[in-house]
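Alright, structures below, take your time with them.
Here chain A shows up in two complexes: once beside chain B, once beside chain C.
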Partner chain A sequence: MEQVDQKKSLSQQLHDKASKISIGYDIEAHDKHYALLFLGPSLLILSVFVFYPMIKTVWMSFFLTNSLGKPTVFVGLQNYIDLFTSSAYLNSMKATFIYVLFVSILTIVLGLLLAQTASSKLKGIGFFRTAFSSTMGVSVSVAAIFWLFIFNPSVGLVNKIAEFLHLPVVNWLTQPGWAMFAIIVSTVWMNLGFTFLILFGALQSVPVTLYEAARIAGVSKRYQFFNITIPMISPTLFFAAIITLIDAFKSFGLIDMMTAGGPNNTTNLLVYRIYQDAFLNGNYALASTESVVLAIIIAVFTLIQFKFLEKKVTY
Partner chain B sequence: MEEVMSKKERISRYVVLCLLSVFILTPFVLGLWTSFLPTADISSGSLFSTHISLDNYVNAMKNTAIIRYLLNSLVISVLTTAFQLIFCSMSAYAFVFLKFRGRNFLFGLFLATMMLPFEAEVIPNFATMRQLNLLNTYSVMVVPFLTSAFGTFMLRQNFKQIPAELKEASDVCGLSHWKFYTKVTLPYAKISLLTLASYSFLSSWNQYLWPMLTTFSDKYRPVQDGLRQLQSQETFNDWGMIQASAAIVVIPTLIVLFIGQKSFKSGINEGAVK
Partner chain C sequence: MTIELKNIGKSYDGNSWTLNGITTEIESGEFFAIVGPSGCGKSTLLRMIAGLISISEGKIEIDGKDVTNLPPQDRNLTMVFQNYALFPFLSVRDNVAFGLKEHKMDAEEIKRRVDEALDMVNLTEYGDRKPRDLSGGQRQRVAVARAIASDAEICLMDEPLSNLDAQLRGKMRSEIRMLQQKLGLTMIYVTHDQVEAMTMADRIMVLHDSKIQQIGTPLEIYNHPANTFVAEFFGTPRMNLLEATYDARLNKLVVDESLEFDCEDGMDRDDYIVGVRPSGFSVEKAADRSNARVVNAEYLGNMSIVELELDGGDEIRVTVDDEMNHDWMINQRMLVKPQGIFYIFDKTGKLFAKGGSSNGTSRSEEEFVATAAR
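This part shows the complex of A and B:
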């Protein structure tokens, strides 16, 4: 693999040199027009809908804004100071981190459990594999409807089971603590299909010879799992974890449909708060500041992912 | 793992598999089952009924815009996917095969956009769309997503694997960039293009926040926000009809998923490794 790459880049270099020598600057001038043609559309779209809005958002976070979202008074870092001294926002931040942590850990652990058990060669395993990947076909609003019904206090399944077991009945979505529990369960369920698929694929690509050698050496199953399986699939495991984590930071749909940030803002996560502050309360400056904070958090995790992928690609 | 399992081990595996399946499948089964029950029975707390029928489906199709929502989503997702395939592959081509000043800088810029969540940019984007008078149209849900930095990056990784000899040979033959792009690059990258297509389609289909902010009528509302609308409108908790609507939405995607699973699985893994 590495050799092929080297060979390719070498011939590429030679080719580059040859074309420079023989045609001189022409090729670059020639390519420039093509570059405009090939890159133009994407560059235009990204400029208008990604670069400009990001700069505008940062810009607006230094101002106060009127009800139309127009900047009025320059206030420097005051919005940031206000934000990080607001207990409401800090609570949102804390809730988001708790949510992200539980969602990521549960998704990866359960996803790995699904992938591992679905790897065994048993009769009818195809059914289980299909079943495990099925939530991948579920969109956010469908998932919300399914779980709204399950957590419904009067007709939902969870309370029915609780009644049957003589446990106290809970108003799942309107009781602080339990509401967070409910959206974590729903999110994990929704994530599992995708996570299962990529982890299952990774498990399939671990060379069988490794397990055979381990078996001949008389190594226990447990030891095999932690010392062969986990290290071998760790790149995919990491990829899945960070994708799940970034997605969890951006959660909006389930919260909007299931709890609307309540009760008492206990499930009012970062993106939902941006939506509320901008589009319900009309405080665009505050919402912009919150957007910048969110962008920084996600940028950090994406950078970690890039660094990691880079390492892998060069390897 | 070809090893022979003992009977006890096999049984314990089946138990774990079944327990996990119950967690995964219960929401589907319950949703599907209640979509056949009269709402009166569901509301009384009973999950069993002697009146199993398709009434909820008939109701949903007659009294809600659920079919319209589905069609809207289909139009939006197909358009988005088609344009992303074209524009992402074009920009990826530029980054691999064209030599021009500022190429590395521009590529860095593309990579940087992958770090910026769209959720953090909705406020200016909403203002832009209002100024362009595009609120409440199909365009508002397609135009911002005509291209993607992620798609460009993914295809670039794949294009880089095209043997340099191929490009040299075509240069010798005097093949233009456009010809090389359409006749060599795109056919070569078929699988990656397919992966990107499924990824773009799914992301577009699952859009929630942006359409919720920018569409106000059933004429353009995509399916996610359509369901949201139904669920919040049904103050009487017409569970049967809501579940039927959810089933109408989820059944086609499940069928597509099961049919396309083989190719999709390998595609995702390819994407994950790159």
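This part shows the complex of A and C:
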């Protein structure tokens, strides 16, 4: 009997110990110190470079600021009201949405197309795999200069081809509408390398036997693509979609170098407007307000994507 | 449905053959196993029969019709894969029904087939689950159910049990065999596991070095292995292969001076290989003489596997089933004698003759003493 009791108490002890550990009580003081020690560096860096600017930005959006960026008068939500009644800002937002929509869709579709092509077992496909992913190694400034040349109205490749085909020549970067087109094309080209690479990786990881089973069942190539490939790579597609979308909202470099928001503000996207308001116009309060709005927009879109797509991509 | 393979060959680079000269006929309703070590081309052969990869040479006929250049779906066959090839995003039902909808089959018929197939593999109540919610064995059954639902008369299986644990494998072996019999399927079953082939198949094709080594019933393969490869591949533990010299004066095959085998007629060369199954030896502790030393002993319960080193240097594996097994001592001296059947292969490994008798020791005690004394 005694032995049994002893056993019981031992197991009870173990149980108690386990539950304490799992709940997180009973961690001794010096454990906490260790935890802080390990977390310290990243907490410090995050605080200085992320948390503080974030909070400061939100705070400043409720004030008016002087030319040095010092808050002067508390105005509550007035900055937000001004923003949403400004037609220039609303135009910027509209342009941004158009830009984001086209960039996201084109990047994903073209990336998938390239990835599918690179997955074929043709001779010399290795060259194309490298070529397709090569834009990953190109910096924004180089890409911008490259595309400035291509879209150059007099010596650019696009207009040379247009001339050759007897099509009208366009001032790509200075004509409203076409400037947006040029920016979208350049951005998609920039994004393509990364998107191609992760989608290619995803395609490679689909087991070959799934396609073999499909071939034996006698389903068409089209059916295989939409009913096997797409669902199998959907988690990666989802990831790529979110990354591309967020990236597109944050586009700055190409716009700054290629159009500087012009012509006539048609490519003045949200981030570029923030930059202009803060550092060219010196209106820090307004720039802060725009930053907060942009952050909220990106958060909302990300949440929507998660809500609608997440269910379909987990299997 | 009969399947005829006529001199099938596969070469990827045009120089070397992955498979060469594969010719056989698989009867309707037969369970035909293709066995061989990894890399022998057995999966390649199966995929060529399925039409998933092209054939470099030869012809495949199904029921007399040349299907060599037909796509997989026109060959009236189905296939079960090693990794089951289930679609993780589809429910069990949809997995089983995969492909049927594409063929414009009406919903009633699909439902009937899926219900029937799931019932046959005892998964009726799992229809709405996703593959990830199933155990390995259940996933395997879904794959089998899909094969059943396709209604094809030929079923190809590519190592379907190798991802399962030993116990489940044994159970699925008999289940698959029973289903095959019940449905009258013509089954081509690829495996590297000789036990699966032996226990399930009507006939076995042994592949090695891109070529057929032997085709036969399990009994033929085991009792009359065509060569040393087949002899070693079938049976656990492996058959012992010992180099032996023909002694014309004694008319014996000598492995080393204390271990000899009777000769068969027509021996003329000097060198042979003697094959002895682990059960083909008698081992005993003899007070006055010995010819081997125990190197290792594995006690398995119903028997023991004892490794011995013959005085001539050869190592042999012997199964012994007497009560004394568990106290086989390492380095203990033993007396090893042939007992029963052995095989004589020529130097190239081809079976030359089967020797010995199945009833008891083939050599008398006196003979042994005589040779040992020499």
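Keep in mind that, in the parts below, the second predicted complex is superposed on the first by the 272 of 315 C-alpha atoms of A that agree within 3 Å, B and C clash if a C-alpha of one lies under 4 Å from a C-alpha of the other, contacts with A are read in each partner's own complex, and residues count from 1 in each chain.
Rule of thumb we're sticking to: a contact is a pair of C-beta atoms (placed from the backbone, for glycine too) under 8 Å apart; a residue touches a chain by one contact, two chains touch by 3 or more.
On a predicted model such as this, the values are computed, not experimentally measured, just so you know.
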{"item": "Clash or fit (per the criteria above) of chain B with chain C on chain A", "value": "fit"}
{"item": "Contacts of A:L64 with chain B and chain C, given as first, second, both or neither", "value": "neither"}
{"item": "Contact breadth on chain A, by residue count: chain C or chain B", "value": "B"}
{"item": "Which of chain B and chain C A:I228 touches, first, second, both or neither", "value": "second"}
{"item": "Which of chain B and chain C A:L210 touches, first, second, both or neither", "value": "second"}
{"item": "Partner chain(s) touched by A:S154 [first = chain B, second = chain C, both, neither]", "value": "first"}
{"item": "Angle, in degrees and to the nearest 10, that opens at chain A between the C-alpha centres of chain B and chain C", "value": "80"}
{"item": "Touched partner set for A:A241, first chain B, second chain C, both or neither", "value": "neither"}
{"item": "Which of chain B and chain C A:V219 touches, first, second, both or neither", "value": "second"}
{"item": "Chain B versus chain C as contact partner of A:F49, first or second or both or neither", "value": "first"}
{"item": "Partner chain(s) touched by A:D31 [first = chain B, second = chain C, both, neither]", "value": "first"}
{"item": "Chain C versus chain B - closest C-alpha approach in the superposed model, Å", "value": "6"}
{"item": "Shared chain A surface residues [contacts with chain B and with chain C]", "value": "215"}
{"item": "Residues of chain B defined as touching chain A within the complex", "value": "1-3, 5, 10, 13-14, 16-17, 20-21, 23-28, 30-31, 34, 42-43, 45, 47, 87-88, 90-91, 93-95, 98-101, 103, 106, 109-111, 113-117, 119-128, 143-144, 146-147, 149, 152, 157, 163-165, 167-168, 171, 177-178, 181, 205-206, 208-209, 212-213, 223-228, 231, 239, 242-243, 245-246, 249-250, 253-254, 256-258, 261, 264-266, 268-269, 272-274"}
{"item": "Complex contact set, residues of chain A against chain C", "value": "207, 209-210, 212-220, 223, 228, 231-232, 234, 315"}
{"item": "Chain C - residues contacting chain A, complex", "value": "47, 50-52, 71-74, 77-79, 81-83, 85, 87-89, 98-100, 102-103, 130, 132, 146, 150"}
{"item": "Contact footprint of chain B on chain A as seen in their complex", "value": "8, 11-12, 15-16, 19, 27-28, 31-32, 34-35, 37-39, 41-43, 45-46, 48-54, 56-57, 60, 69, 110, 113-114, 117-122, 125, 128, 130-150, 154-155, 157, 160, 189, 192, 194, 197-198, 200-202, 205, 208, 211, 215, 235-236, 239-240, 246, 249-250, 252-253, 256-257, 271, 274-275, 278-279, 284, 287-288, 291-292, 294-295, 298-299, 302-303, 306, 309, 313"}
